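As structure tokens, here come the structures.
The following pair of complexes shares a single chain, subunit A, combined with subunit B in the former and subunit C in the latter.
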Partner chain A sequence: MITSMILFPLAGFVINGAWSLWSARNGTRVSPRVSGSIATTAMVAAFMAAIMARAQIPATGSIEVDCFRWFSLGSLSVDFKLRLDALSSIFTLVITGVGAMIHLYSVSYMEEDEAAGKYFAYLNLFCFMMLNLVLGGTLPQVFLGWEGVGLASYLLIGFWYREEANVAAGQKAFIMNRIGDLGFLIAMFIGYKYSGSLDLTTVEKVILPAGVGTSFVLLIFLACTGKSAQLPLFTWLPDAMAGPTPVSALIHAATMVTSGVYLLARLSPVISQSATGMAVIAGIGAATALITAIIACFQRDIKKVLAYSTVSQLGFMFAACGVGAFGAGVFHVMTHAFFKALLFLAAGSVIHGLHGEQDIFKMGGLKKKLPVTFWTFTAGWAAILGLPPFSGFFSKDEILHQALVSNSGSAWLFGVLLIAAVLTAFYMTRLYRLVFFGTPRMDQAKFDHAHESPVPMALPLVLLGVLSLAGGFAGEPVHLAHPESALSTPTWVIMIVSVIAAAIGATIAFRRYSVSEVKAEPTSDVFRIDAVYSKLFGGGLGVIASASQWLEERVVQGMIRMVAAVTDLSGNMIRVLQVGSAQAYLLMMIIALVVMVFYFMKGVV
Partner chain B sequence: MHMNEIIQTLMPWLILAAGILVTLLVSVIRVESKRPAQFSALLTLVLTGVSALQTVSLPGEAIFSGSIEISSLTRILLALFSLIGVLFVVGADRYLSKEKIHLSDYYHLLLIMILGAGIMVAAKDLVVLFIALEVMSLPAYTLAGFRRNDSRSNEAAIKYFVLGGAVGAVFLLGSAFLFGATGSTQFPAIYSWSRQSVTGSNLLFAAGHFLVIVAFLFKVAAAPFHFWKPDVYEGAPTPVTGLMSTLVAVASFVTLVRLIHLPALDSTGWEVYAASIKTTIRVLAVASLVVGSLVIITQKNLKRLFAYSSISQSGYLMLGVLASLQPGHGIAPVLIYLFGYVFAAVGLFVLLSQSEPRGDTGVELVDLTGLVRRSPLRTALWSVLLFSMAGMPFTVGFFTKYFIFISSVGSGETPLVVLAAMCAVVSAYAYLRPIGLMVMRDADPGAAQWGGGFWSQLVVVVSVILVVFLGLMPNAMIQYLKGIPLIH
Partner chain C sequence: MTAFEPWMLLVVSILVFCIGLLGLILRKNLLVMLMSIELMLNAVNLCFVTFSKMHQLLDGHLTVLFVMTVAAAESAVGLGLVIAMFRNLRSVDSDQIQLLRD
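Moving on, here comes the complex of A and B:
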């Protein structure tokens, strides 16, 4: 069952991929409808398999399927194996379930696109990789999925590659992720060194020496900051909105970006050994939640608001992991997958209905025009605000509660997250108000042409709307080690506080944007983080590389001059050959040789 | 040992040598057509490869008074060399015609190179090793200057020759010192001398050993001995660059490892000496990794790019060399890395040779722009091979790097592994940028046309299949290569 779960998307990828390549050769077109149906069927089948597999998991423990001996070297041998337990099961359900809906939605969304075959192939590839990531039984396999989803995401961000900005966004995502992956790779080697194995079951139980443990946690977290867009590596995610909207919903909101949380939860026994590491995770998570919530208040692009919101919500999840409440983090992954996928798809429906308009200050009054989108968006809005009984209420509440009462939590952490929650309510209500209420701020023609999306797009919206409404009642889906509580503040207090916080934010936004003439606000890069990075990353590495190149050339040229000077003195014997540089190279090598011989001899004799 | 047995043992090498004569002969008899020479070379290589593979599991045997040892390692390497040869005979056909340098000489020179490489890895005597080195190198100099009317090609040939001369000179000097210290040029004798010698601080021995090692560090262009490489790579005809980067590199690296293991480094009295050797290799590894990974980023010419790539590969391989000094690893990490590298590099260089002639400028990055529109299949092939170079998962390049890293962690080289992993990330940019240009840009007006013909495309496809297959199922290859002992 588990094997077939990952094989379905793979089959979809192979079929659509081969078909696209074949038709590209013959100059024919892939039918978006057929190729989309194949991809969607594959995902629905995978979802069925995920449900059935879930039923097979024993109460405690996991099912393991050994596929084949992958490789072995010396005493180390690594099997390709799939491992399903409560934690990975939640992720597989989200990936295949939400994934299936988004595939269905895409069938309509990409109807006009001539490269739809390629699109669905990539999307299936992504799901396959993502399933590998969460089902992988060994660290290299998880890494394989980790890199694979990055690749798929890179391909899909740059899907409409004719626009320069989209390509740049893809590259940015890639580079930031590579920085993070470095952390993963090195952490993997540390894990291997101390546990002698790459098996997750062994590595997650390993006891690391104090200093090593902290560096292990920080390296893993570095990987998470890349993939899950946390400070300082979060700036790629808003740019990644250049991809098609369903991609934003699936990859950059519901699944891939949460793989950092998965990794922390998976390795939670090792992670929680390091108090310092945990504190860093909590701090960075809370800081990210706050900072990106502030940035979200200054955005005009509907997708950018949601993107910053995603980063901010991921910050909440990491804050939860940082205080030891991994279960609460995973819970929020689940509810967030429902409501954020919904919000993105609804936003896509708005964009679709307005033929590509993304500026919220050029929208307004769409409530009547797009009723299904409006009502489902309302569910998503209520969920992210954390209004009871919507799903976000339960998970966010749990995070806030743990941030305060956990041993490693503090009033500070709680305060920061609470402010972030107020801001969340503010920017979401601002968006909600500007898009659906008030007077239309676009040309009459455009408003008249606005239309509700077709059924394949509306159906996923409704389903996700129901999940956003009711998904929270499922409760914490996995029972990972709970943190010790230092305080005994009861849950209901936190509930009331968080609902009041949401109400404050929402009210301010509603009043502010309820005036009849809404003044357009400029988009503002509040903290100028992007600008600084592009100097640092774009410039920095380039400068170092150019400097090395320059040095290399300078050394060569200096040597050539030297050789020229020497041969001039000794009578121009070799000048006829005109290969001064060869002599220079030789001279350099001999100098290096002499230096090394002396050094070597000094050591030995 | 009877003559018969010697012939039996040497069969693959003898087939190759006979094939060289036949190829030479047919190219003289049928001057106007290249096909006979081509066919004869192909047949020779296939027979050599098959006969090497057939006997691969036989036990090792020292022949000619112990100056050559034919073992599993040498047989599998000869088979690999034959495969490389076949791929570059088939893959270069179109290129040679396009560049108007389709001469029969290409084929017998290629065969002689392979014979030299095949003997070099089997040599157990410094003198035989030297001769083999020259047999391998002399045709390579000629081939580097094969584009006779191109000044760059001539320049490359002369540079390669001058540098090759230096390699020979340094090696000979080292051999002389070793002979002076130990009284023999044979590996086993030197080895047993080192076991009896009370201390590893014999000046003559240290100098000699160090020099023979450095000679091969020149040859593999480990930084700071790398300066010649970009120029030579750029100037030589593309298939010849491919041969340097695969055939010569594998033979030289294997020889390097064998030469490092010349004395019994693990016997008592040699601790200081062994530590010194390790430090030297570490320094070279760091230098090669840093130079290769940083300078590659600014390269616009694809052959120069691959030159710096191969410099950084030398860096990773140095990690494997260090691991080989640790008991239990042997030559496996190096061998696995080399095999993986070769499979990808053959495809890359054949792909590179598929551009229409660019005369003096060579193929630049800009020539790849918008390739996906013009030729989607070729773009896919490029991408897979570049991914392998960058060490991305699902390609053999990932695993080979991974093994080098894992074995090095096992031998306590964690800081070096961290550096190497960082270099891999940095240089990934250089490998992925061409893919970006192919997939995500529209063609530049000045971009070159690409067209390879069926046979060269077939070679690339074979290389891609190997890269992907071994990327998914590396175990068979690894297990096999792991079982091969390093000969002394």
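Moving on, here comes the complex of A and C:
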């Protein structure tokens, strides 16, 4: 079952990829409908397999499938091994389940795209790699998945490659992730050095010396800051919105960006050994949650708001992991996958309905025009705000609760996260209010043309809406994944405080944007982080680059030119001797012969 | 008739060789150059025979026979080349054949 689960998306990738290549060679077009159906079928089959595999897991423990020997180097041999336990099972269900819905949604969304076959091939490749990541039984295999999803993400961000900005966004994501991957690699080497194996089961149990343990945790966390877009490497995620919206929903909201949380949860026994490392994770998580929530309040692009919101929510998850509540983090991964995928897909439906408009200040009054989108978006909105009984309520309160009461939690952490929650309510309500209520702020013609999305797009919205509403009650499986951090029922005080926080944020936003004439706000990146990075690193790299250029032009090329000059000069000198007359050569020969004779006879005579 | 001392023969041999060498270097006429080469070869032959006589060994005589054969072949080929050159250039001047220089 586990093997077939990862083989289905692979098969989809191979079929769609081969078909796209074949038709590109013959100048024909891949039918988006057929290609999308193949990809979606593959994902639905994988989801079925994931459900069946889940049923096979013993109460405590895991299923392991040894596929083949991957490589062996000296005493080290690495098997290609799949391992399913409660933790990876949650991820596989989310990946295949949410993935299948997003594939279905894409069939309609990408209907008019010329390269739909390529798109579905990439999407299947992504799911295959993501399953590799969460099912990998050895660290290199997790790394393979880790890099594979990065590749798929890069390909899909730059999917509409005719616009240079999209390509640049893809490259930015790829390069930012490389910084984190270095951390992963070094951490993998440390793990191997101290445990003598790359098997996750062994590495999980290794006990590292204090200093090494902290650096291991920090290196792993560096990898997570790249992949899961945390401070300081988060700036690629908002730019990643250049890709098609379903991609944003699947890769940059629901699955790939949560792989950092998976990694921390997977290695939690090792991670927990370092108090310093944990404190750093919690601190960075909370700081990211707050800072990106502030930035989200100043965005105009509907997808950018959601992107910053994703970074902020990921910050919540890392804060949870940092205080030792890995279960709460994973729980939030799951609920977040539901409601954020929903919000993105609904945003995609709005964009689709308005033929590509993404500016929330040019929307408004779409409630009547897009009823399904509106109601499902409402479910997502309520879930991210944490209104009971929506899914976000359970997971977010759990995180807030753990931030306050767990051993490494503190009032500071709780306070920061609470402010982030208020801001979350503010920017989400701002978005919600501006898009769906009030008077339309676009051309009348455009407003009249706005239309509800077709069934393949509406169906995933409804399903995800239901999950956003009810997903919170599925806390039990997560609880099983991490028995050591059992879900504690949030105390009433925290529940009330968090709901009040959400209500305050929502009310401010509603009031502020309920005036009859909404003034368009300029987009602002508040902290100018991109500008600072380009000054700091771009400037430094510029200096290094010009120094290298000087070195290359003057020193390296100079040496080469010197060799050439020496050859040239000696050639010109010897050239004089080449007079062309055989007798002159003969004379030279005889002179040389005489000299040689005298030289060798020197000792004899 | 007094017997020649070997050193006399060797001096003659050296003189003939040097005359041949100078002729080869200085004269521009290819026919004369070929003749100079013959002189040098025969100077060497004389040398061989002298040493052979001195040491009472036949090896020198044998080598001389070989050298004479090779010299005959060489002059045949050389003359052929000179004739071919004369047909093309109407001259047998060695300064005329410097094509390889450039």
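In this section, the second predicted complex is superposed on the first by the 529 of 605 C-alpha atoms of A that agree within 3 Å, B and C clash if a C-alpha of one lies under 4 Å from a C-alpha of the other, contacts with A are read in each partner's own complex, and residues count from 1 in each chain.
Throughout what follows, contacts are C-beta pairs under 8 Å (C-beta built on N, C-alpha and C of every residue); 3 or more make two chains touch, one makes a residue touch a chain.
Worth saying up front: this structure is predicted, and the values here are computed from it rather than measured.
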{"item": "Subunit B versus subunit C as contact partner of A:Val594, first or second or both or neither", "value": "neither"}
{"item": "Partner chain in contact with A:Ile500 - subunit B first, subunit C second, else both or neither", "value": "neither"}
{"item": "First, second, both or neither for A:Val455, with subunit B first and subunit C second", "value": "neither"}
{"item": "Contacts of A:Ala582 with subunit B and subunit C, given as first, second, both or neither", "value": "both"}
{"item": "More subunit A residues in contact - subunit B or subunit C", "value": "B"}
{"item": "Touched partner set for A:Ala210, first subunit B, second subunit C, both or neither", "value": "neither"}
{"item": "Touching partner for A:Ile179 - first (subunit B), second (subunit C), both, neither", "value": "first"}
{"item": "Set of subunit A residues, in rising order, touched by both subunit B and subunit C", "value": "579, 581-583, 586, 590"}
{"item": "In the complex, subunit C residues that touch subunit A", "value": "21, 24-26, 28, 94-95, 97-102"}
{"item": "Subunit C-touching residues of subunit A, taken from the complex the two chains share", "value": "578-583, 586-587, 590"}
{"item": "Complex interface listing, subunit B residues touching subunit A", "value": "155, 158-159, 162-163, 166, 170, 200-201, 203, 206-207, 210-211, 214, 218, 224-225, 227-228, 231, 272-273, 275-276, 279-280, 283, 290-291, 294-295, 297-298, 328-329, 332-333, 376-377, 380, 392-394, 399, 402-403, 405-407, 409-410, 414, 417-418, 421-422, 425-426, 428-429, 432, 436, 439-442, 473-475, 478-479, 482"}
{"item": "Touch list for subunit A against partner subunit B, complex", "value": "21, 24-25, 68-74, 76, 140, 143-144, 147-148, 151, 158, 161-162, 167, 170-171, 174-175, 178-179, 181-182, 185-186, 189-190, 192-193, 541-542, 544-546, 548-549, 552, 556, 577, 579, 581-586, 588-590, 592-593, 596-597, 599-601, 603-605"}
